[in-house]
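Down below are the structures I want you to see.
In the two assemblies presented below, chain A is common to both, partnered first by chain B and then by chain C.
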Partner chain A sequence: MKKGKKSNFGAYAFLIPAAVIYLSVIVVPVFYSLFISLFKWNGVSDREFVGLGNYVNLFTNDPTFLIALKNNLIWIVLTICVTMTVSLGFAVILNKQFRGRTVFRAFFYFPCVIAPIAVAIIWRWIYNPNIGFINQFFKAFGINYKQTWISDPKVSLYAIFIAALWQGIGQPMILFLAGLQSVSPDVLEAATIDGAGSVRKFFSVTCPLMKETFVMVIATLIVAAMKVYDVVQGLTGGGPNNSTQMLATYMYSQTFQYNNVGMGTAVACVMVLMMMVVIVPYISFTAKEK
Partner chain B sequence: MMFKKLIAAALTGTMVLGTAATVSAATEVTFWTLNTRQEAVEPIVEAFNEANEDIKVTAAFYDTDGIKDACKVAASSDSLPHMWFNWGGSLGQFYVDNGKTYDLTDYANENGWHETYSAGALNLCTLGGQLCGYPTSYNVLGVYYNKRIFEECGIEIPTSFEEFEAACAALKENGYVPMAAAGLNGWHVMRWVELLVEHYAGTELHDKMNSFEESWNNEAVVQALAKYKEWVDAGYFPDGFLTADPNDTIMSFGSGECAMDLQGQWYDGQLLQNELEVSNYGVFAFPSTDSSRMSAFAEMTQFNKNLSEEELDACVKFMEYYYCEENVAEYGAYYNLPLPKDGAKAPEDQLNVDGMIETSNTNGTFTITDQAFPTEVADALFNAQDAIANGEMTPEEGAANIQTAIEAYQAK
Partner chain C sequence: MSGKSKKITKKVLLYVLLGILALIWIIPIFTLVATSLKHKKDFMSGLSLFQLPAEIAWDNFYNAITKGRLITYMKNDLIVSFLKVPLGIFVGSLAAFSMTRLKIKHSTGVFVFFLIGMMLPMQTALVPINMIYSKLGLLNTYFGLFYVYIGFGLSYCILVMRGFMKGIPGDIDEAAYIDGCNKWQLFYKIIFPIAKPAVATLFITDFLSTWNEYLLASVIINDNGLKTVPVGIMTFVGEHGTDYGYLCAGVLVSVIPVMIVYLVFQRYFVEGMAGAVKS
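Take a look at the complex of A and B:
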């Protein structure tokens, strides 16, 4: 009994370095951010306590914040509906045996390793209304269609999403591939013997057996969707007229450009709370499974 | 054997101490500046460090908007470099208001800066009653135009607003985009809009509006924004200009797609960097009704408030080396010339510079809007530009929104 207790203390001692790093770079900054979100502060001068004033102001008196919130929600929906579906589709195709499969896997994963800001630069040229690939493509086929893409507030958010999709499918695709390979061929064979077709097998056997993969992919995609920043900043900077403003870009503007550090951290805290809504059920779900 | 070991230990100790002494003797100073000047600054820093063993300068580079953000973050954590590039107006003022800059007033008096530097530049670097930076350039903006295109379309340099509009119409008719514009960060489009405001408001009202003594929600601003919308609808700006990168206008202007670009005198240097023939391009002051004033702004190197005497001397010594005649002659394309010194001239290959400075002295100048405005107010103007161009906002709403942002800023 005593021996067991001693070894526990030893184990806790080994946790100290990791705990110090975790506390100093994650826990303390999070609570410090929460603390300064209760102040009116330009980042340099003295702080003025305003309680929940920054939060009240965001939700009642800040149309840009509400636009950013709406855009983030649209982005989450698009990510779940489009990114997940496309990456699952690619994973299913690339899970089949065919010549050059590895090359195609690398090919579709490749954009994932490019820095998001570089992705923004690439797509800026693709979307260029005069010399960009898309409009030139239409022109080459004699189609008289010209679109300003990222300058048009009606389509700019979706145009940015396409750029993000191009880059973003690699990661979930790899996770889905791993999930697909974990499905036992015996189970699929049994389903075939029972007379199930390909579609039925996929939805009734493969998908349920990949439940953990789905949970992981959905959670990581939602968190990534909440944090989306680089590609938006690089392509439109949140414009035109805030039409592509996201919570992360708005937080940055408030904090570093307008010197409203209290307001900026309030935006960050709202983001964290929204992400917690996803992460906490995710963790509890996976814990239950185990 | 023991003796040899003792000698070795003594020698090693001496070397270590010697190295430490050498390191500690050098005054180390850090310098943050724009990456557009990196090709000049890097060799200059290297040469300076070689020539001055007692000083070690370390430079870091940022893009135009990156340096603004990096400095603010550093100011928040009290980790500003020893010296950093900055603009005048509200951008430089932030560091003065928050006690982060070294007041160079006494140093300038003691070292005769008033006999060396132009009064205009020193004035623009004097914010909140203190000389808050080492003046590095005095910039004025004019309308660069492609001489070949103007000649081909039979256009003379416009001397009135009506002539300017007629020139735009003629250029459009001949298949050219009259004006280059790139609104990704808002400020490039703002250069055209502020000239329209200057045209409709006149000098006195415009100055009062920029200092917030007069409201922006007035008829002149509405007219200016309505004219801007008219130009957008007429196709006087390139397609998709609202999210175009300002660094790319040189491509459309240099290739002859756009006939005019609104730039400062540094543009001669950029044309040279891009191997374009400067003599093919001319510059004129935008012909606004009143006096065709040009927008202007200063650039400076701000020094950290906490500099020791040695560090201050090292910083000034480096600045003087950076802006010495030899370096300006060698890396002229990477400076905003002429230097803000009395009697300074532009390099011979930068043909438009002296003329622009001369015109600005004759016509007068006003502070460029994004330096006159704090960032959040400038962003309200940029949003109005975008929304009006896209038809999401009327000029009246745009003027009202700008004034609302000013009032919100003043209430902070």
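Take a look at the complex of A and C:
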């Protein structure tokens, strides 16, 4: 009896280093942030308790925050509609049997391993109105079309999204490839015998069988879309005129540029609350499946 | 006969499609390389992106590495990554070992608790970390940076290691205990070596994500001599606003190490990722 108790303590000892680091880096700071978000504070002088004032202010009196919120929601819709579809398309093509398949897979995954901040900087040159690829390309073909891309508030968000798309298809593509390989060929064979065409087979057999993969891809894409920061910061920094502000970039500028620390942390807490809406059902879904 | 030619047409169409996609996908890299080979005067003279300059600007690369401090940034990033990755994997593996092979209570609950960290945005912890660090004097230190990296990387590490360790049969533990191993010996002599494939995958993906991290590094480090590559490259761009060739050379140099790691360990990405998913 005594021995059992002792050995169990040893089992927890293996958790200690991880727990200490995790608590000190994530858990405690997150709760501390929640606390700070209840104050009006510039980071230096005394804090003034305002309760939920920062949150009320954000939602009722802060047009930039609402732009950022809207942009994040647009970003989520774009990643689900575009990134997911494109990466699924790539996965379907790269799942076929042909020579050089591994090379192509590695090639299309490659942008994933570049630093997002470097991706942003690279795309600055594509969008550069004078020396950039797109406008130079039009010029080479004698088309007199010029667009300032990232400095035009109407298109800048979508321009950034294209850069993110270039980098972002790799991860979901790999997940879809794994999903496609888990669909048994026998089931597809049976569907062929029943007279289903390849399109029909894909939508009525393959897709439903990949339900788990879809849930996983959608959840990771939404989480990533809520967090999107590097590529926006590197391309526009939220500009022009706040038109590409995201919650993450707005949190950063409020906190570290304008010293509205209380307000900035409130933005971060809104991000967490919004993500919980995705995370909680996702985790309970995966827990149930197992 | 017609069936066969149809098959060939299909194959040709597939390659044409892939070729077009590959051409589109190469545009950013092409732009980067094409720009980095040019001097400032080439842009002034209105040379098109698609033309080679009379004299290729190799000195752009040399200057970026030396005057642009890229070599310093790379050294810093290398130090931080090589401290963070092995330590993070070690700590995460210990935790995963405890969750899967030692009968702790609520092991699923503990796992979920650790998993949440993967989804939380770093922004939520940023202000407190910054405050605590400035009090403890940990801003602008390697330790300060790799410590938070371990914290934020732990969830993914535990996810992968737990997935792998769950698949190792329990008989092994029994046999080891009978042979007189204690828990620690079971971990470092038996389970950890078996988990090598997972460790290898984790090592590489973790290395790249550490190497590429920007947000935390930009808050914790502002000393030019200690910056990592992503933060350094932003500084570099800020300092040389219009010298496009030079800038592109800098970005290209910063991407090359990643490119090499990717080419050498390519199979770990595509296969390893799929493995992590299945478990």
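Just so it is clear, the second predicted complex is superposed on the first by the 276 of 290 C-alpha atoms of A that agree within 3 Å, B and C clash if a C-alpha of one lies under 4 Å from a C-alpha of the other, contacts with A are read in each partner's own complex, and residues count from 1 in each chain.
Note that in this section contacts are C-beta pairs under 8 Å (C-beta built on N, C-alpha and C of every residue); 3 or more make two chains touch, one makes a residue touch a chain.
Everything quoted here is computed from the prediction, not taken from an experiment.
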Combined model on chain A where chain B meets chain C, clash or fit: clash
First, second, both or neither for A:190, with chain B first and chain C second: neither
First (chain B), second (chain C), both or neither touched by A:113: second
First, second, both or neither for A:256, with chain B first and chain C second: both
Broader residue contact with chain A after superposition on the shared chain, chain B or chain C: C
Touching partner for A:226 - first (chain B), second (chain C), both, neither: second
Contacts of A:52 with chain B and chain C, given as first, second, both or neither: neither
Partner chain in contact with A:126 - chain B first, chain C second, else both or neither: second
Touched partner set for A:36, first chain B, second chain C, both or neither: second
On chain A, the residue positions that both chain B and chain C contact, one per complex: 128, 130, 256, 261
Chain C contact footprint on chain A (complex, rising order): 7-8, 10-12, 14-15, 17-19, 21-22, 24-26, 28-30, 32-33, 36, 90, 93, 96, 98, 102, 104-111, 113-119, 121-123, 125-126, 128, 130-133, 136-137, 139-140, 166, 171, 174-175, 177-179, 181-182, 213, 216, 223, 226-227, 229-230, 233-234, 248, 251-252, 255-256, 261, 264-265, 267-269, 271-272, 275, 278-279, 283, 287
Chain A-facing residues of chain B, complex: 68-69, 72-73, 75-76, 94, 98, 100, 183-186, 238-245, 257, 374-376, 379, 382-384, 386-387, 389-390, 392-393, 412
Contacting residues of chain C [partner chain A, same complex]: 11, 14-15, 17-18, 21-22, 25, 27-32, 35, 43, 48-50, 91-92, 94-95, 97-99, 102-104, 108, 110, 112, 114-117, 119-129, 132, 147-148, 150-152, 154, 158, 183, 187, 208, 211-212, 214-215, 219, 229-230, 233-234, 237, 244, 247-248, 251, 254-255, 258-259, 261-262, 266, 269-270, 273-274, 277-278
Interface residues, chain A side, partner chain B - complex: 40, 42-45, 124, 127-130, 146, 148-153, 156, 235-237, 239-242, 253, 256-261
